[in-house]
Amino acid sequence: MNILPFVISGLGIGAVYALSGVGLVVLFRATGVLNFAFGAFGAMGAHCAWQLLEWKVPLIVAILAAVVVSTAISFLYGRIFAPMLSHRDTVVRAVGTLAPALVLIAVMGVVWGELPRRLQFPTDQMFVSLFAARLTYTRIIALLLAVAMVVAITLLLSRTRLGLDMRALANDRDLSAVLGVRVLHTETAAWIITGIFSGLAGLLLADLVRLQGTFLTLLVIPAIAAAILGQLRSLWETAAAGILIGIAEAALTPIAWISPYRAAAPFIIALAAVTILGGTAKAALKDR
Amino acid sequence: MITIDNLVVQFGGVKPINELSAVLTAPVAGLIGPNGAGKTTLLNVLSGFIRPVQGTVSLGAQALLPMTPLQRVRAGLRRSFQTEQVVGDLTVAGNIAAIADHVVGAPHRSEAVDEALSFVGLSAAADRLGQSLNLFQRRLVELAKCVVGKPKLILLDEPAAGLTEEEGKAFRELVLRIPAEFRAQILVIDHDVDLIRSMCSETMVLDYGKLLALGPTQTVLADPNVRRAYLGEF
Amino acid sequence: MSVQPQTIASNAEGLSTMRLPKQLLHVPVTTALFAAVVVLLANSFWLSAATSAVALSLSVAGLAILYGQLGLVSLCQFALVGVGGWATLRIGHAFHPPFEVSLLAGGIVASAVGLAFGVPALRLRGLYLALVTLMLAGGFQIIISAWGFPDGGPGFLGRADGSGREMLARPVIADGEVAYFLYVCAAAAIGLLIAQWHKLARPGRAWALIRKGETVAVASGVNVLIYKAWAFALSGLLAGLAGGLLAGNVGQLDGRAFGAFESLNLFALAIVGGVFNWYGALIAGLLLRAVPALLTDLGIDGYITIGIFGVALFHALATAPTGIAGQIAGLIARLNSGLSRGRAR
Amino acid sequence: AASCGDNSGKPATGEPIVVGAITGKTGPDDFSNSTKAAKAYFDCLNANGGIKGRPVKYLVEDDQWNPEIAAQLAAKLVNDEKAVLMVGNSSFVECGANADFYKKSAILVVAGVGVPRECFFAANYAPTNAGPRVSMLGAMGYALDQLKAKSVVCIGPNIPNVGTWSCDGIIQLAKEKGLTAETILMDPGTADSTSTILQAAASKPDVIILGLPKGVTVPLLTAAEEQGLNQSIKFLSAASAYDLSVPGTIGAGWDGNFIVNMEFNDLEATTPDNQNWLAVMDQYGQKSDPRDTFAQAGYLAARIAETALMTLDPANVNRETASAAVRGIKGFKSDIFCAPWYFGDGQTRHNANSTTRMAVSEAGKWKVVSDCAPSPDPELKDIRAFEKSAGIN
Amino acid sequence: MSGNSEVRVENLVVERGGKRVIHDISFSVAAGEVTTLLGANGAGKSSTVMAMAGVLPRGGAVRLGDIALEGFVPDRIRRAGLALVPEGHRVLGQLSVEDNILVAALDPAATARRQGLERAYEIFPELAERRRQSASDLSGGQKQMVAMAQAFVAKPRFMIVDELSLGLAPAVVKRLAEALKIAAAGGIGVLLIEQFANLALDLADKALVLERGRLVFDGPAATLKAQPDILHGAYLAS
């Protein structure tokens, strides 16, 4: 069976993993918080966009609204709640983000229920045909957005003062404070940035995958596989890993006996990688 | 007796220890040198946390490098760290028992612990928690851990750092009793020259990973190279 | 991770061997009291909920060892519960041995798997380890939702197709609801005792050193790999037993109930319950099953329940660093000191 | 106006009869519409004389798609609340978790919507719906007779006793009829629908038959449309996709190309009982309660229960008598069913509803495109045999 | 270094682990000179300065010149001009040596920050050699140098050093002492905690002595050198 079409469709889903993976690593690099609610933030924004579209609001407005909503939520959590856990170890701070995730799942469940919805962009209808498979512009946009995020954040972290402060914070919050790094200001900035990313990612996921609160929230877990392969620090590796995982997952489809289990591909790959090189990886041995 | 022959440690480009050869015989030997000279690195080599790229190290007749860190501990090697490592949520006794568990046979464990406690004079504080101790007491706990279970070689990395002069003196007295009472050789790193002078009959000076001087403490400290490179005198 | 006095207190007495048994006595006594209260008050619904809760508290005890003692985070504990349940059902349906045999088999298999899960992790730490274990949970979710749990059918997977599903027979001595609940309490008490003993004795000290720093541990003669592996195996065993007991409760298990998110939830509630006191596990178990049961019983909408959980989780994390158990212990300590001062006067 | 009970308009005041239900509300999908409709009907009944003066106390619990909770709730309703009957149950996990418990407790379940195989292979569990397999084979029948399909691909979830069960039926029938057929099992949790669709399209089938929750069906169709397959291949689905929201959601691209099986009559059918259902919903349900096929199932389950209980002496309604009454149900007629419903006394399994229709997505609505036809499911042999022997239709 | 940068501490009270370790002490440290804070281990020296820098919660008031540092978080206090070098050579291990120093330079102008960096390298050529190395790989003493450099580049109005010579070779200590003298001469106030009393007293103009969280001496360093018994009393007390 010809595998190339699956590689192409893998690009699509890979973009999804890359987007979320990078979004996670950004916040982690900046604040030391791994945000399990990343998907939920995005899903909330996407639902709002859908609602606005139902009310016949122009698409661009809906998109903006979605990003604004996700960012606002992220800002609220980062500014008000995250600091309450700032003195705890990274795992507890990560677990803390389960709270907003659960709350948002509840809100979305109560307001919109679990009816299958579909967020459509004009770009879904435009596509390029490759190897008997179609790659819609939406997916291409997702890929480009992932790359753009990587470039932008890499520059931010390596070139700007804000980036330096972020790296310092992620390393040792208390010491950074003693050194005069504006803790709240910097962390808030980081949360706003991921907020924006989660908003964009949420919109794309809602279109590419499905608009369903719980589902989008849980999509964070396979995305973490990409983050692990990027050792929670390299944005490039994370993005690349995300795309490769997507391709691998898709490419397993034609193999009949694996096909039903292929959704496990992200996890298996991450585990294999860790077992082979993880132990030696610096990130693994550092306490984070 | 510690014999070091043509030892080289390398991290990427840097060579913290570079073709070092030395023989240490004194019961209490000193190891000094500028910051970054390679002292801690040498200690890590001796205790097995860093693998040198070449050279040999032997304790008495026994070659150390082939042994894993654990084997070295069981063979009687003890060390303290540059920053004290007392476990905050174990009692003083617990901290010492934690090592006794592994280097003393079950029947003699509790008395080994008591012995170490009384040696450093912390018997009274046996049930106090590590985190409630002040620095001096923490250093004493570390020393107590070093004398548990028939030590042969004890490595102390700046054991008196942060201690006041009085505490330093008290500490020194304890260390000086160890060779006689526990039959162990001691290697001390410290930047407190007075402490070294009064404790170590023999001293080794490192600079940029190379041996700058080795011999009786007095002569070594009088050596002009040492005075320039280490004490910063001219 | 700031470790609070009371943990320490328990550890402190680890050395003075005469106080050791007294320390351990708390476990069976408390469990017995709890069991008595439930049996007297609970109806069928609550009994079933309480049984699950107590069973799960065993798996939490496993987490508490890894996190509270070693500072290691496992986010695949609920998956291990599933493994234990699977093995228990598999053995039970295949050979129809006494329940205890299947249960133990479940525990051992889970412990082996836990070890296997642990091995790649032995060199990892902190969040990185946590996420790796989460990957395991994710993988397990896919597999188990496709395999399902054995229900008396043929073959390795042991799936009966719809008709003729069998239930796992409960232990002969404890077939009824109440009897089985007590049975589970007894099993849990034993498991918690084992865990507690480990904390107070030699392994506990070695683990404390490892938590302080692996080089430090090695320099004190601790074989880090062995003691870590041992912790993973023990934690797996407890999770496995929990799974087996759950299987015995309903008579079967369902693949959809063992998602990765459950493992996350389990860890979160373990922290809320408190990983530094043995009864934190019991509290976490209740939070996992009894509290949702209560909300269901009050007829509160499922989504609202999830929301309430989210809020409560954060509140607990933010206000009680050592979990509810930590606060209780603090209270007890204050009471004791108050009493002794009273006596002094 | 809604017609129920004795239509006396007199509220029932006697001692309530406890009837329970377990539904899957919170989770991957919302199945609670069935119990909502049943509730509406029982309210209507209680407002009209109830069961010979005794109102029905209808207790509904949400199992949150968690078998463990489902078991707890069953214990609560049966042991603690002492329900005499379970009516309108609609849950993905409940059958597997509770079938044996119901049998042990000698209580009968007149379920609304059953999905996994366990729901149709239990002694005490009788759903009013047809079930995914019967429904998919209904669709298959349509593909054979109307679409003249020569090759078919079946896509089901890789959940035990759901996906394999249904698709096996398709394969079996295909063999009998000499079609080429292929099964694809997918993880409903996967984010990658496109690959699944490409896999299905790879063997160039005439029709693809889906047996998935609507939440998974819609993204699959979306992916198919992206790949332009909605033009080249006909997509059919089990009744799980027969939801009012679906045609609008999948959009104009599917007009005439997505055909679903219906376990019940057209939702807008003007036939008397269907109209009565709608009237009951309007009078006694919430505005927000969906008027969908689940609701029809719940309504029917409630009416069947009513019919059964009415045969009893109100002074003597308990689990035995109620069960006996339900066992006695035979030829229960409603124009929402294609064929009369019966319990099937003595049967080890129950699948009374096995005659179905088809509808096609058109301009954001469903349009019925076939009359009632018995589902050609080979597995129904025993059911058909019993029907013949019992002289039912 | 504008304005008067004298530091005044009034009725300072500090609790740690629920137990009071600083009992209501008051003192002031003048600008333009070096003051040393002496005392036995556990006397409360670190607690005092950490409280002043806002790292530990405290009772009482701390004023830097005309600013009252009430309810200030550590970073605001640092930016207000009070820089602390904490005990036990802590550095940002995952950052390079250079980033460690740059992050502590608070000047808004990038060029000014660079200049500060270069001046730090003049004081610690050891660090210049390792500017790209990640700080976790530094030796103990090198870490202490980084910590000192971080304080210097902040251009503080007032500087506190906890355990100056800790882990530093004598040669380096000499250089540091000079650097501090120059800084003080430049008009900034310096508060110094140092294990070696005589080193501290040689360097300092004024001295404070803590004993079990209480101030037992506040006066010229010379006086203390003249009457060592005061010190010994304080040390033996613990």
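Should a chain be cited, it is by its letter among A, B, C, D and E, assigned in written order, with residues numbered from 1 in that chain.
Convention: a contact is a pair of C-beta atoms (placed from the backbone, for glycine too) under 8 Å apart; a residue touches a chain by one contact, two chains touch by 3 or more.
These are the chains along with the protein names UniProt gives them: A, C = Branched-chain amino acid ABC transporter permease; B = ATP-binding cassette domain-containing protein; E = ABC transporter ATP-binding protein.
All figures in this text were calculated on a predicted structure; none of them were measured in a lab.
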Partner chains shared by chain D and chain E (touch criterion as defined above): A
Target chain D, source chain B, minimum contact steps: 2
Relative to chain C, chain with the most remote C-alpha centre: E
Highest C-beta pair count, chain pair: A-C
Most remote chain, CA-based centroid, reference being chain A: B
Whole-Å separation of chain centres (CA-atom averages), chain A against chain E: 43
Inter-chain centre distance, chain B versus chain E - centres from mean C-alpha coordinates, in Å: 29
Chain centre separation in whole Å, for chain D relative to chain C (CA means): 39
Gap in Å, rounded to a whole number, between the CA centres of chain D and chain A: 38
Chain E: positions in contact with at least two other chains: none
Contacts with two or more other chains, residues of chain B listed in rising order: 131
For chain C, residues that touch 2 or more chains besides their own: 142, 146, 301-303, 305-306
Pairwise chain contacts, counting only pairs that touch as defined: A-C, A-D, A-E, B-C, B-E, C-D
Touching residues on chain D, where the partner in the complex is chain C: 25-27, 61-62, 64-69, 71-73, 75-76, 78-80, 93, 96-97, 99-100, 116-118, 120-121, 158-161, 164-165, 185, 187, 189, 348-349
Residues of chain A touching chain C in the complex: 34, 36, 81, 84-85, 88-92, 94-96, 98-103, 105-107, 109-110, 218, 221-222, 224-225, 227-228, 231-232, 260-261, 263-264, 266-268, 270-271, 274-275, 278-279, 283-288
Residue ranges of chain B touching chain E (in the complex, touch as defined): 11, 14, 32-36, 39-40, 82-83, 131-132, 134-136, 158, 161-167, 191-193, 229-232
Of all residues in chain C, those that touch chain D in their complex: 43-45, 47-49, 52, 141-142, 145-148, 159, 161-163, 165, 167, 177, 246, 249-257, 289, 292-293, 296-297, 301-303, 305-306
Residues of chain A touching chain D in the complex: 1-2, 5-6, 9-10, 12-13, 16, 109, 113-118, 120, 124, 127, 133-134, 136, 205, 208-210, 212, 214-215, 218-219, 222, 246, 249-250, 253-254, 259-263
